[in-house]
Each structure stands twice: as C-alpha cells, then as structure tokens.
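Chain nomenclature is as follows: A, B and C, assigned in order of appearance, with residue numbering initiated at 1 for each chain independently.
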Amino acid sequence: MALLLSVFEQGFIYSILALGIYITYKILDFPDLSVDSSFPLGAAVSAVMIKAGINPYITLPAAFLAGGMAGLATGIIHVKFKVRDLLSGIITMTMLYSINLHITGGQANIPIFSDDTIFKLSPLRDKAGAFNTVIVIFVITLLCKIIMDLYLNTKSGYLLRAVGDNETVVTSLAKDKGTVKIVGLIIANALVALAGSVMCQQQRFFDISMGTGTIVIGLASVIIGTNVFGKFSFLKATTAVIIGSVIYKACVAIAITCGMAAIDMKLITGALFLVILIISSVKKGGAD
Amino acid sequence: MKKFIVLITASMLALTMLSGCGSSADNASGEASAPAESVNVAIAQFAPHGSLDNCVEGFKLGMEEAGYVEGENVTYDLQNAQADMANANQIAQSMAAAKPDLICGVATPMAQACYNVANGEIPVIYTAVTDPVAAELANEDGSSVGNVTGTSDKLAIDAQLEMIRKFMPDAKKIGILYTTSEANSVSAIEEYKELAPNYDFEIVDSGISQTSDIPLAAADLASKVDCISNLTDNTVVSSLATLLDAADKAGIPVFGSEIEQVEKGCVATEGLDYIALGKQTGAMAARVLAGEKAQDIPYETITEYSLYINSKALEALNMSCPDELKSEAAEVSAEE
Amino acid sequence: MIKLSNINKIYNSGTINETCLFTDFNFEVKKDDFISIIGSNGSGKTSMLNIICGSIPIDSGDIVINGNSISKLKDFQRSRTIGRVYQNPAMGTCSSMTILENMSLADNKGRLFGLTRGTNKKRIDHYKELLSQLGLGLEDKLGVKVGLLSGGQRQALALLMSVMTPVDILILDEHTAALDPKTAEIIMELTDKVVREKQLTTIMVTHNLRYALEYGNRLVMMHEGNVIMDLNAEEKKNADVDDILKIFNRISLEKGNSL
C-alpha cells in the first residue's frame, strides 16, 4: 500500500514535468535538454524562499516563473542566434548549473526538514493522514493538466500546436514561428521547474544533482503515455502523459522491489520500458 | 518476426527477473534457519563508490560484532541509487513501504531521503554524512532532530594541515580540487580556508562540475601550488588517477584524506578509514535495534584518525616521513 | 502591383556548385493579373515565387508590392497580404489538427492569437458554408483530423484557408501537380472561381500546359532565369498547346533533358 502510494506520489510529481516535456518533444518536436537544469532551478528557488520564511505556496508560482525564464533563454539562443535545438538546450543546461548554485549561495544541498512545505501547510493534513502528500500532489498535477488543456484550445494554443505540426502554416498566418517556439519553451520549462519545486518540498531537501536524468524520465513518460494510451481517443494526450509517468515510476518500483542485485536496476527499468513499447507497437498491428 | 522479437524479449526479461528474484528466495530460505527474532535492515547507498562500499562493509561488520549476523538473524536489503536523485527518492520510499526494523542511509542525499520517508516511524541510521547539522539531521549541539542518528565522515582538517606542515616545512599553497555539486566538499573547503592561516598556508581551490573537467582543472591546479590535498569528493576520488598523474608531472605531492586514497598513490593522510567508520555505525545500529531510541543518541564522528603513509610515493618525490611522525605512521602498501 | 527589379540571386555562392539563377532579373505583375508560368525544371519559376514570398533571400535588387518595398520584410510579415498554396497538399494545413481547428486558425490570420477560445462557435456555420461550396462533403467532417483526408481534400482546404481572410495576392506553386487528373480538374475550377470572386492578383506556376492556356490572362515561359515568352490575353487566345510545346521542347533539348 505504502509502496503504491509512493509510486503515485512520484508519478504525479514527474507527470507535471512530463506535461512540459510533452510540449517540447511532442508538440514542438524540440529535444530540449535544458530541463535537466530547470528542474533543480525550481527546487533551488523554492528551497531558498522557504528558508527565508516565505509561504511555500508562493514558491510554486515563483519556481514556475523562474523556469519560464530558463525556457526563454533556450528559446532566444535557438531562435534569435540560430543555434541548433539540441545545442541551445545544452547551453542553457550548462549555464543554469552555475546559476542554480548562485541562487543557493553556493550550497549544493539545502535541507528543509524543519521548515514549512506545501504538504505541512495542507488543509487536509489531519484528515487525510498518509494520503495528504499524494492528494496535494494530485491536485497540483490536475490543475496543471486542466490549465494546459484549456490553453491548448485557445488561439495561442492552436498556434503552438500548428508550429510543431507545420511551420509553413504559421508563417502563412503572418506569425513569426520563432516567437511561437519561444512561448512553447517558456511554458514547458516553467512546468518542469514547478515539478522541481514540488519534488524539493516532498523530499524536503534540495540537491544540485537532482536534475540528472530528468529528461530521460520525462521522455519515457511522454512516450509510454502517448504510445500506449494515446490510442484511446477518449483520453486526452495530457491524461495519457500523466498515466505514462505513473507507469514509468511503477516500472522503477518493480525493479527496486524485485530484489535483484542493485547494479541491475537500470537494466531492468530499461527492459520494462522496452517491453511496454514493443507491446504497444504490436497492438497497433504495424511496423510504422 | 515482430512477435518473435517480443517473445525473446519477454523471455529474457522473465529470466532476468527470475534470476534476480531467485537470489532473494535464497535469502528467504536462509532466514528460515535463523532465530525467530530475526530483523530486517535496509541499506540505501547513494552511489557505487569505493568509500561508500567500505562503509557498508564496515556497517555489516559492526552489526556482526554486536551479534547480528547476516543470514542468521539479520536480513539486509541493499539498494544503490547509482548517484541518481530520482532513484534515491524512490528507493527510500520503497524501503520505507516494506517497513524494515531499521534503515541505513549512506551519503548525505540518501540519508536525507531516508529520513524524509521514514516519517519518524522507522529509525534511520546514517553514515558518510560530513555535516549532519548542515544537512538538518542533527541539531547544533549534536543531538538528533528525530528518529535518526549516525556517523559523520568529517575530515580531520586541522590534523591534516598540521601533518602537511610537518611533511613540507616550506610549502605555501595547498591546492584542492572539488565538485561544486557536492555539499560535503563545499563545507570542507570552507573549513580548510578557515584553518589554513593557522599553519601559514594559502588554499587554492578549483571547482569542477563533472568528471570530464578533471584533466584540465587538475593540470592547471598542479601548476599553481606546492602540494595538493584531496577531499572525499565522490567525483574527484573516482578520477584520482588523473589528479595523481597531473601532480606527478608537476612534481608535487598529493595528500589524501582516507586510507584508500593512500593505497592508490597519495603520499600520506591523517585520515579516515571508512571500514572503521562503517563499524562504528553498525554498532550504533545494533544499539537502536536492541531497544535504544535513535533520537537519544547524538551523532558521532570517527573517534580516531591515524596517519597512513605510502613510502613508495614519497620516495618518488624525494620526500620522506618526518622523524617526529615515524612512530605513529602506518605504512600502506601501494596498489599497482 | 508587384514589381521585381534588378534581382540577383546566386546559389551556393563561393563553392564549386555555384549556380547563378537570376542576373538583373526584372518582372512586373499588374493588378488583377492571373499569370500562368511555365518552364522546365531549374528555370527559376518556383525560385521567383520564393523570392516574392521571402522564403529565400536575394543577393541584390528590389521587390515592390503596391508601391512599397518589401525586400527587408521577413517571410511571415509578407504573408499578411499574400496567400500561398503549395505543390504538396501537406504544406498548407496542419495534419494533427481537425478541419475546424485549421479553419479557425486561418480565419484569425492578421489578428491577435491570444488566450481567447481557439474556435469561435458562431463562425462554425460560416465554415460549413465555405466547405460545402467545395462539394467534397467536408462540411460534415469538421472534427476529423486533416491528416486523414485525401490529397485533393487537403489541397481544397489549403486553398480555402489561404484566401479566408482578405489577401491581395495569391501564389499557386504547382498546386495541382500532386493530384490525380480528376481532382486536379476540380481544384483548378475552384481556383478560378475563387480568383474571380475575390479579384485576386494571381501567379500560378504549373507544368500543365493546358491549364496554363485555359486559365488566366497572361502566360509566361521562363528559361534559365529569364522570361523567354510573355503572352497577353489576346495572344494567349490564339496560341495552342502544340505551339507552346514546340518551344518548350526546344529549350528542354538545349538543356540536354531527354523527353
């Protein structure tokens, strides 16, 4: 039970991040590596603000904004300076590493064990007991999903979807495709930083290395979600991505609890991931 | 063809799972012969790393000395997060979910993750945490913040500086290479800088962010200083050979901070033996398992540091162990 | 209306593959002209369209539309007054979006793409009416993703979208070439109807000599970056496919193309 709960906690936190990566990877077709640093950026901003005694709920929008700035940087590097997509992400990721350490005043690790977090201040804390954490995370994830669904159905959202689908259409609509891409990167990195903020408050410490491999988790979640659950037309892509994230975390949990040698963990996680992808492509009935 | 591939993959996966789960089944049958009051201890290690491996080994030895013998009356669930924070968190959560009698967290981020998920219900013993106060695992006075205690691998920086001064009476600058992302290294650097003037040293630090930065940073550092003192920085220790090589080319010695580093070619250390640290931690864990409350036990630092030297490495630099230290120095045979 | 003057364009400048496409090229389009442009591959037809639309930069020269130089404007800025349909039906629409979403996008051209609802429900009847004029049954498929439509259906939709908001100029880049003859016929008739109704200044590049003669009021043949034939409405009426083909074959043979 507790294990199941932890899968959902982790899965929902990373699904906020996966929603962001869904924008870059699926909608914009932009392999954005800056997320490996915008995730700890959100965490750093939150940890520092919480240490300064600021209400943890205020740190969520703050982290969101900080992430947006990171996305803006990647976007400008790519669009204005015409640096290749992969490289612009790498440049932002590299520079953010130092900026993150500047935010924390050079500390690589900030514990917030004795401070308030969104979970400690949750109004449900007494009633929900062990479920408090997962409920708070779920509400934040759900809000992100609903807002993103609404956004993707606005005019601006249409344009964002169009730019990833067919840049020519955006140009012929007399809109600068570069600007639209920048907007997409801002939203994506803002979501990733928000996930970092929630993660930091759930684990109750910030660590500079917490961003390592974020992009892999995010991509895996998006791909599992859209490949396996994208086929069900009654499911929105955003819902599929959230489910994908929970499934990925369940794979990791299985690898951890199965009791094999610790060094094999990544091998098993990767194998489970592969099997899910193979099964989903077999179900599709084609080698496309 | 496609189905065939699926079949192969699936069966391979099944095999891996079986072999993996098989070993745990062996443990289970071993348990059956052990006394009924057998305990389950989960050990969460942050990264695959020589010193941390030694900690775990020492921990089991310490437990054994206190009567908890692996396979007889204690079952270990050892997990390694492979230096990945996302894994660290999930490992901690899955361990807590299994409700073991005690969780041992090895290295700072892992200790924090374990303490967070244990929720005060499961005692957490940590080791290889340099600064438990900064990590908010202990209060300023050394007392515990909750159902958690352990050992610190804080370096004997004062003793180390004193030793370096004895080895190199004329040296002025000590170089230190560290990773900016490792909290332990950052706090060690601060302490070095604070204490260095007492021995008329100046600290030249060089921060790196990843392994690939080491060759350039090490060569640059070695050209600027009279000697290098190495920390227990995970990234740097993994590439110690590169650092030693750079120092060798510049003709300067590297002082280590634990016995393993001296084995690998550092000239000397006034430092840590992680097996001993692990043993000390194991003994604390045994006390908690026997009924003592973790929150009543203040965290401990390694009780005794000792001087280890590597004569071969010293000779190569035309150096020797100062006479006043000869009596206490233990020779470490160098690995080739 | 449109005036290209002293255009110079060299591809792969400074490399061994350097090809000089336009040297001191001049071309003028009058208001309400419907020009058909023919010419062999590499003659510069599509390049000229790309130069007008800003898809490729020029080395020197000037492009003037309605008396204003647009040489410095970016491609998307020029799109404000230009509608364009491409040879590939996939170019003019978004395949992962529905017909309704595509129509809504096109309907909002020239206005702010803000945070209001993407589709204006009040406009749906209007969209249906426009689609029903195509006679392809698309008005009942508003919720269908465009990627699932046939090439002809997509091209018809692309044409509709390109002229949904007021534009002055319509650029047609071999827009029937990828379609089967019957569908091509439908699209061509539709094009003619749209151009007449909206009184658009139109430049159509085509490989189909019959269309070139049948539609429009001016026929231009290009060869190696030059206009080698320019027939007005009167001359066009008197020309027939065989005459044009003779000239066409001659220049093709000169270039070493086999027929």
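Here is the rule we go by: a contact is a pair of C-beta atoms (placed from the backbone, for glycine too) under 8 Å apart; a residue touches a chain by one contact, two chains touch by 3 or more.
Since this is a predicted model, take the numbers as computed values, not measurements.
Of all chains shown, the one whose average CA position lies nearest the global CA mean is A. When every pair of chains is scored by its C-beta contact pairs, the maximum goes to A-B.
Taking the CA centroid of chain A as reference, the farthest chain centroid is that of C. The distance from the centre of chain B to the centre of chain C, with each centre set as the mean of the Cα atoms, comes to 69 Å.
Here the spacing of chain A and chain B, counted between their Cα centres, is 32 Å. For the pair chain A and chain C, the distance between mean C-alpha positions equals 42 Å.
For chain A in complex with chain B, the touching residues are 1-3, 5-6, 9-10, 14, 97-98, 101, 106-109, 111-114, 199, 203-205, 207-214, 217, 249, 252-253, 256-268, 271-272, 274-275, 278-279, 281-282, 287. Within the complex formed with chain C, the chain A residues making contact are 151, 153-159, 161-162, 165-166, 168-177.
Those residues of chain B lying in contact with chain A across their complex are 2-3, 5-6, 9-10, 12-13, 16-17, 19-21, 23-24, 45, 48, 77-80, 82-87, 89-91, 93-94, 96-99, 108-109, 112-113, 115-117, 134-137, 145, 180-183, 185-186, 209. Those residues of chain C whose C-beta lies close enough to touch chain A in the complex are 74-77, 79-80, 83-84, 86, 90-97, 101-102, 104-106, 108-110, 112-119, 162.
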